[in-house]
Structure formats: structure tokens, C-alpha cells
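Please go over the structures that come below.
You will see two complexes here that share chain A, one where it goes with chain B and one where it goes with chain C.
The block that comes next holds the complex of A and B.
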């Protein structure tokens, strides 16, 4: 009489414990399996080498050495960093102005303006690249239009397959990614802060400079980091609009997994790419923290 | 009430217009060119009269249609799987010990925070190390890894808004855990589940950079387009681009309106 319930108690207890274990295994195990291990494995591969088409699994820094000494890796890396910084600067400036513009509308209108800036974000990436090429291309609408109007008689070579074209394409594609975080930061500013500043006699410009922009700074930093990470890692846009001119660091990394087929070297270059983006995140975090302390 | 500042406002307004033109002009150009093809007579540019020829060519293009079928399959499976996983992770985050929850959350968010090129090649190398050959499965896994953080975020926000009182009331009234989940929690979360699902579908349908690494011989629509554009100009591209733009615009507007009405109800 008394033995039966105890036995079923222990068995249900064991089942409950098994369920808890299964829960941890699923919720921690899946991310470890599909996120953590892949990341660790590519870092590991970056320390191996490729010899005669075979991957040699001994620890070496040879790939990292080649980044600094061989071929055009370092110059391309530096020029890509510079390109991404330029895009980031221009886009954050534009995005701040646009976010401010939305912020200064009445709440009713805000949503629709924000929507119209966010809509292209969800538009197919590859189609955006293609569309920009349609306009900027050597036989694109811009060149053809200018020629038809008689403003130029030769297509402007600069427009496609050039650094300028990559710059414009990246700026257009990644603009919404900068607008959203900046606007969300502005949106959190309590309305009475501005009312108070106006009551105390501050002009709209002063309110903007001393209240809105400082409070929007975390959003601006986030927008800058997003833009930098995405432009720095993009390898399709430079290829599609840049042609042979558009040899960016991301393309070099990708080519190691395609034609060049040197996975260890590609992984090492990818580690450098990753380290660069982490550095950008850290720098942004640091500037924000320093402001907090002050 | 905002202070008036005509000069600043016109400057900001001008920037906003420039931004809108830059964002939309290329898209509009593609749509227009899908109906009015460009012609060249002795080097002089002109437009052909309205025609639906590119659309007819599109319907006859088997490569594109099979890529479209692949994309729809991948997006459907990936978004459903992401929704289930995101729900599981969200429940884990609100119920498990904080340390475990945060550990899980950091790992779940990583693929979305890293540049896609890193996520793509990391998966490629991992698949290779365990001799898992590239195909439909690897594409779906790649998409799920990338999408889960977005759906997880949407679902978690809603779950945290729900609070514990409804769940406790349901359990007190004698409902089992499963009954509470099915009849109390999930119905309350329906808007978040739907918008999460739509978002997941839209992102998967469009994903290019990770897919290029893990696709192997499998071709989704963006990869097919990428390959076609590299070769040169095909009139069908404009027609296809127009249809995809309309499709994604519809999904996006639906998500936007849904979240807006949700926000209004909450406030």
C-alpha cells in the first residue's frame, strides 16, 4: 500500500529531472553546436596551412604572416577600412539629419515617414545592388541620360566599375540600417525635456545641440557600428558594381573559399576581418562610456 | 509642441528628400524598365512601347522557376523552424536561471551581430569538418541560424509583456502546463508570432551572403539572380525584380501595420 506511491514518485521525479536536463541540453546545446563550434572551428582552421592542396593540421602563424608580408592583402585591407569609414561617416551624417526630420514631425505622420525609409531595408538585397547598377552602369540610365541630353558625348567611365560606384552603392544600400537606431534613440527622449528647454528660452537650434543630439548619441554610435560592420564585410556589392576595381577585403576572403580554395588563409583573413569589426564595436562602446563618466 | 525652426527644418527636409530619392530611384527604375525596355538605335537611347514580354519570358524560364521553388521551400521550413526554436529559447530565458539564459542569449544573437561573411564561412568550415555535404539542409540551417535572433527578439518582448499573472491564474485553476501554453500563452502572443514568422520568411527569402557560402549546387532565387547578373543583362531580371519588390513590400507593410496596431493597443 505504501510502497507503490513512493516508487511512482521516484520514477516521476527521475522523469522530471530528465526533462530539465533535456531542456538545458536543447537550449544551450543547439547554440553551442550551430554557433559556437562553427566560430571556434574557423578560428582553429586559420592556424593550419595548405600544402599541395592538402590541409596540414599543425599550429602555425604562417597565414597571419602572409597577411602582413605577401601580395596586396594589407593595402587592400587598409583601403577597405578607409572606404567603410567614409561610407559610415556620410551615412551617419545623412541618417542623423533624416532621423531628426522624422523626430520633428507630429507622431501621426512619423510612423509613415519612418516606414517609407525602412521599406527598402526589407527589399531584396541582390535586387538593390542590381538596381543601382542599372542606374550607375556604363550603359546605365545616368550615363545614357546625360548623353541623350548632350551633356556628355562619352560614357563616364568613373560611374561603374570604380571606387566611387562602390561607395555610392554601399551608401544607398546601408542607409536604412543607420536611420533606424538613431531614430529609436531620439524617440526615447521625453517630450518635456524639450518643452522645458524652450520655456527656459533656448532656441530650437540650442535644444537640438544640447539636448537632442547628446541624448541621441548611443543611437548614432549604434548606427555607425552597424554601417561599418555591414559595409566592411560586404563582398557582393563591390563585385557587382566594382568589377576588377572593386577588390575589397571581403572579396579577398570570399575568393579564398571559391577559386583560390585556400581555406586556412581565408579563415585567417576572416579572423582579421572579425577582429576589425569587434574593434569597431569596442571603440564605439568606449566613447559612450567615457561620456557617461564625464 | 515642437519649436518652429524653418531654416533647420527645410535643411533636414531637403536631406530626407535626397535620401528617399537615393533609396527609391533605383527600385523605380527597375520597375519601369520591366515594362518599357531600353532600345538603342545607332547608339541613341530610347524606350520600347509598353510590353509584358519580359514577364512572359520569366514564366518560361525554368531555371528561375526552380530557384523560386527552392527559395519558397527554404523560407517556409526555415521560418517555421525559427519560430519553434525562438519560442523555446524565449521560454528558457524567462524561466531558467539568469546565467544560463544570458549564456544562451549571447550565443543566439551572435550570428546576427557578426558580419554575414563570418557566419557563412564558419558554418561552411564546420560542415566540412564533419563531412556534411552542402545542399538544401545546409542552406536551411544557415538561414535558421541567421533568422532565430530576429524572431527570438520579437517573441521575447511579447512574452515579457505578458507577465506571470495569467500563467499563474491558469495553473491555479487546474490547467496543466501544456493546456496553459496552448490555451493561454500562445493565443496572447499571436500578433508577435505572426509578425515574427513573416519577418523570418522575408529575411530568408532574401538571404544572399550566407547562402553563397553554404549553398553548394543548390540555388535559391538570390543566388540565381546573382549568377545571372554576373553573366550580363537578361530582360527577365527586371520583371522578376519587380515581382519580388512587390511581394516583399507587401510583407513589410503588413508587419509594419501589425506592429503599429499592437503598439496602439499596448499604450
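The block that comes next holds the complex of A and C.
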């Protein structure tokens, strides 16, 4: 009996160690397998090239050179960045206001208002785009409504199939992704901070400026990053509501994977897209780090 | 004992997955189709399932680009029967995404109309890769109220009088074919640099007159019905039929310059896991009654039954492989990015 526990101790110890090893392997292995390797594979393809419709596996920077020198890649890239920045700015402003509005309600009411803003997330993305189109169309809800009220006598044609339509559609679709992180950040602010500042005579505006917004910054940064990344990579919405203006960078990437079969160029453009989004994440991280140091 | 409950949960998940798989596949397995709209009518798939015990699973695509991306993603392992247009057949065969047709197994080849029986269009290096299945054209859809007589030339799309009332298909290869045909270029599938530049300029000029581009039949008819559109460079006869069904008074015409004609083929995916099911579907689909039903419901010309009212086949320019897809995509991207 005295030897038995020792043996089972070592075996259970070994088993525990094996489990730990397995857990490490999974923790490290799954992200490598499902995230890192796919990304590295298209980074690799981006350095290959296309000859007579076949992919040639020689190392070249030609695809990246094409991005800067050929055709329409760079102008479309820049205009898409600009569009995404505009949507991000408007959405973060709106989402901050909405999050503040929710934050000021009583806890029970908060939940319902938050859920009502999150509801669109339960709906398919394509349905939302179609809905926006039926609202903005020349025979759409908005035009018919305005005409019925006698405010206009001809349908406003630029509502749909214009850059404005892309802007509106992207802002509407991605707003919940900005509200959620901002609200969650505000929700973590201890109530007694605000109570203390009020006791010490701070106005509501001062409380907002010196307590709520600084403490909410991580959420605001996260909301901005989410909006920018989602908007920048969206290649369906602009095409569907933008008419002849609906050609964005994501669309160019997409077009390389069809009959053009130009996977190397498509991959290089996708690497540029990825680098842009990583840059956005890094910038957001930087603003937060400065906050910590101070 | 957390791990036991996890194990139970995991096995339950596996069972659920197995059960759902079992619920989908019929007793004789499953045939997975990658098709365009109108190629797998529910009435036919139901009849086929009853007749053969093989379940039909359909994945619809809106264009060749989407189709080739889906096939490339798994080298065809996700599909058994793929409808490929003649112009892209060679690309599919070169990429080894489709397998040569085994004519022994294709018992319904005798149903094909004489014009389609040779399958020349689908034969490369002695191997036949596709069976002709449906044909049609990329014609002009027009609003009959605005045009009591059908427009006789494609140039009407460029007419400033209809600015913002014109929509056009968004498809790199077919838009360039279309531009070349309007310009009267003899061989729209092999353009010189000079001709390509002319086509590009012509298409940019058209863009200024457009309300928007569209992709897919549904997209085209939806946009037509929600906006004041009177002219469409369409994806085919089905566009007009769909609009007529919705109550719009539209006509379909092949203007004097001609139009691209297409011929879609049934092909067997190189990655098929159920060859017998694939041929069973092809033999079923190539019956005269299915062809006639397809023509009636979707307006495609059948290859097994002489289509009614489609008397313009001789004015169509049958689609061929273009000189260079990659170059056409680049040119089309420049058109779409132009101001």
C-alpha cells in the first residue's frame, strides 16, 4: 500500500504534465494553423507572378510595383482609405453619443436600449444592404414618402447609386460595432468616480471631459479600429449601393480571383489591405499606450 | 469531472453533425450542382430525387468569376456537376477543375439537337469536357412605353437623353466583348492594343450614362423595378422574362450590331466523389421535356428541344476564349475606376 500512492503520484504527475503540454500545443498550434499559416501563404503567393495564365513561383516584387505604378490601384486605394476614415469619424462620434446616452439611463433600461441598437447584428448583412436600397431607390420609401408629402415633385436621384449612398450604407451597417466597445468601456467606469467629482463641485460637462471620456478611450479606440477595418475591407456594400462610384479597393482584390486568375497580384493587394488594417490597430494601440505612461 | 462533461458535449456534437448529414443525403447519395439560376428548377430536382433516390444540392453563382473562385477553392471537391460556358471551358480544363466526359455513361447524348451533337466546342486535344445544355444571348432589354419600336442600335445606350436611366452588366470579359461588338470590331475576342484602347474609351463613355452596374439576373431586375430604368445591357432573355412576370412592359432585342451568344455546358467536376450521381443528373437534365420546360420557364434556349421565338441565333457572335483574361480584367478595372 505504501508504494502504490507513489506510483500513482508519478503517473498522475506525468499525466498532468502531458495535459499542460497538450494545452500549450493547442493554444499555440491552433492560431498558427488557422491564422498564421493562411496569412503567410498569401504573403508568399504575393511574391510570385503570372505568366501565360499560370502562376510562376519565382520571387519578384513586380506585384507591389504594379500597385504603385499601374492602372488604377493606388488612386482607388487612397479614395477607399479616405472613405473609410470619414465613416470611422462619423460613426465614432455617433456611437460615443449613443453610448453616453445609454450610460446615463438606469441599469435596467440600459440593457433594452443597448439591445435595440444591437438588433441589426442579428440580421443578415445582405438583407440590410437590400433594405437600404429599397429605402433610397428612385421608387424607394424615402422618395415616395417625400413626394407624397409634396416636399419634392421629382425623385431625388442621387440618394442611391452615389458615393453618398455608400457612405450612408456603410455608416448604418457598421454603427453597432462602434457602439458596443464604447459602451462596454463606459460601463466599467466605477459610479463613485462620478459621484466623487460631483461632490467636489464638478459640472456634468467637466465630469464628461475629465472622467468619462478619458476612461472610455480604450473603447473609443476599439470602436474606431473595428469601423475602419470593416469599412475598408467591405467589397459588397459599395458595389451594391454605389452605382458607377462603387469601385473600392476590396473590389479590386476580389476581381483578381475570378477569371483573371491573377492570384499573385490579388495576394499582393490583399497584403497591402492587411498592412493598412494592422497600421490602424497599431495607431490605436499607440494612443492608448501614451495614456498609460501619463 | 469537467472533462467528462466536455467529452459528452463533444460526442453529442459529433452525433448531431452525423445526424444532420444523414438527414441531407438520400439513399443513393447526393449530387452537388454548381449552376446558374434556372438550371435546377425545384420541379426537376424533385422528380429526379423521386426517380433516382439521389438528393440534389444546388449552389447558385452569379458569374464566371464567382464560379471559378468556388471551384479553385477546393479543386472541385465541393461539386459534382458544374455548368461551364463554352468560353471558359478551356480555362477550367487547363486548370484541371473538370474531368473529360465519359460518353459511355452519357446515355442521353442522343437527345441533343443535331447542331449540338458533335460537341466540337467542348473538345480539346481529343477529350470532350462538356455537353451543350443551354444557350442564349446578351441582348438589350428596353421599356416598351419609352420605345414603342425596339431600338435598332446599341448606340441608344450612349444617348444622353437616357442618362441615369441605363444599367449595364458588370462582367469584365463580356463588357469588353460588348464594347467591341458595338464598335463593329470583327473579332471581339482577340483585340489588338489599339482596339482595346478604343473599347476602353467607349466603355468609359457609357459609364457616364449609367445609373449603375449590376451582377446577376436578380440584381438587374431588382434595380430595374426600384428605379426609373428604361434600357439594360442584360445578362440574357431571363432578364426580360423576370421583368414581364413582375408586370413591367419590356421587350428584348438583338440590335443590328449583333450580340454575344453563349452556350453553357454540363461538365463533371474533377473533384467529384460520386461520378454515377453526376452522370445520372446529366442524363436526367438532357431530356427533351426538361429542355422544353427550361425554355418555357427561364427563356434559355435548350439543346434538346428547338426553342420557340428565339429566331436570332444567326445574328449572335458565339463567345470564344478571349486573348487574355488578366489583361481584360485590368482594363475593366480601369474603366470602373475612371472618373
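By definition in this document, the second predicted complex is superposed on the first by the 251 of 294 C-alpha atoms of A that agree within 3 Å, B and C clash if a C-alpha of one lies under 4 Å from a C-alpha of the other, contacts with A are read in each partner's own complex, and residues count from 1 in each chain.
Note that a contact is a pair of C-beta atoms (placed from the backbone, for glycine too) under 8 Å apart; a residue touches a chain by one contact, two chains touch by 3 or more.
Keep in mind it's a predicted model, so treat the numbers as computed, not measured.
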Clash or fit, chain B versus chain C on superposed chain A: clash
Partner chain in contact with A:134 - chain B first, chain C second, else both or neither: both
Residues of chain A touched, compared between chain B and chain C (which is higher): B
First, second, both or neither for A:24, with chain B first and chain C second: first
Partner chain(s) touched by A:255 [first = chain B, second = chain C, both, neither]: second
Chain B versus chain C as contact partner of A:61, first or second or both or neither: neither
Contacts of A:282 with chain B and chain C, given as first, second, both or neither: neither
First, second, both or neither for A:246, with chain B first and chain C second: second
Contacts of A:152 with chain B and chain C, given as first, second, both or neither: neither
Partner chain(s) touched by A:75 [first = chain B, second = chain C, both, neither]: second
Shared chain A surface residues [contacts with chain B and with chain C]: 130, 133-134, 240, 257
Complex contact set, residues of chain A against chain B: 23-24, 26-28, 30-32, 34-39, 41-42, 45, 94, 97-98, 100-102, 104, 111, 113, 115-120, 122-135, 141, 144-145, 147-148, 171-172, 175-176, 179, 194-195, 198, 203-205, 207-208, 229-230, 232-236, 240, 250, 253-254, 257, 263, 266-267, 270, 273-274, 277
Residues of chain A touching chain C in the complex: 50, 53, 70-72, 75-76, 130, 133-134, 137-140, 155, 157, 160-161, 239-240, 242-244, 246-247, 251-252, 255-262
Contact footprint of chain A on chain B as seen in their complex: 1-5, 8-9, 11-13, 15-16, 18-20, 22-27, 29-30, 33, 38, 44-45, 85, 88-89, 92, 96, 100, 103-104, 107-108, 110-111, 113-119, 121-126, 128-129, 141, 144-145, 202, 205-206, 208-209, 212-213, 222, 225-226, 229-230, 237, 241, 244-245, 248-249, 251-253, 256, 260
Interface residues, chain C side, partner chain A - complex: 63-66, 68-69, 72, 88, 91, 94-95, 164, 170, 172-173, 207, 210-213, 215, 219, 222, 225-228, 325-326, 328-330, 332-334, 336-338
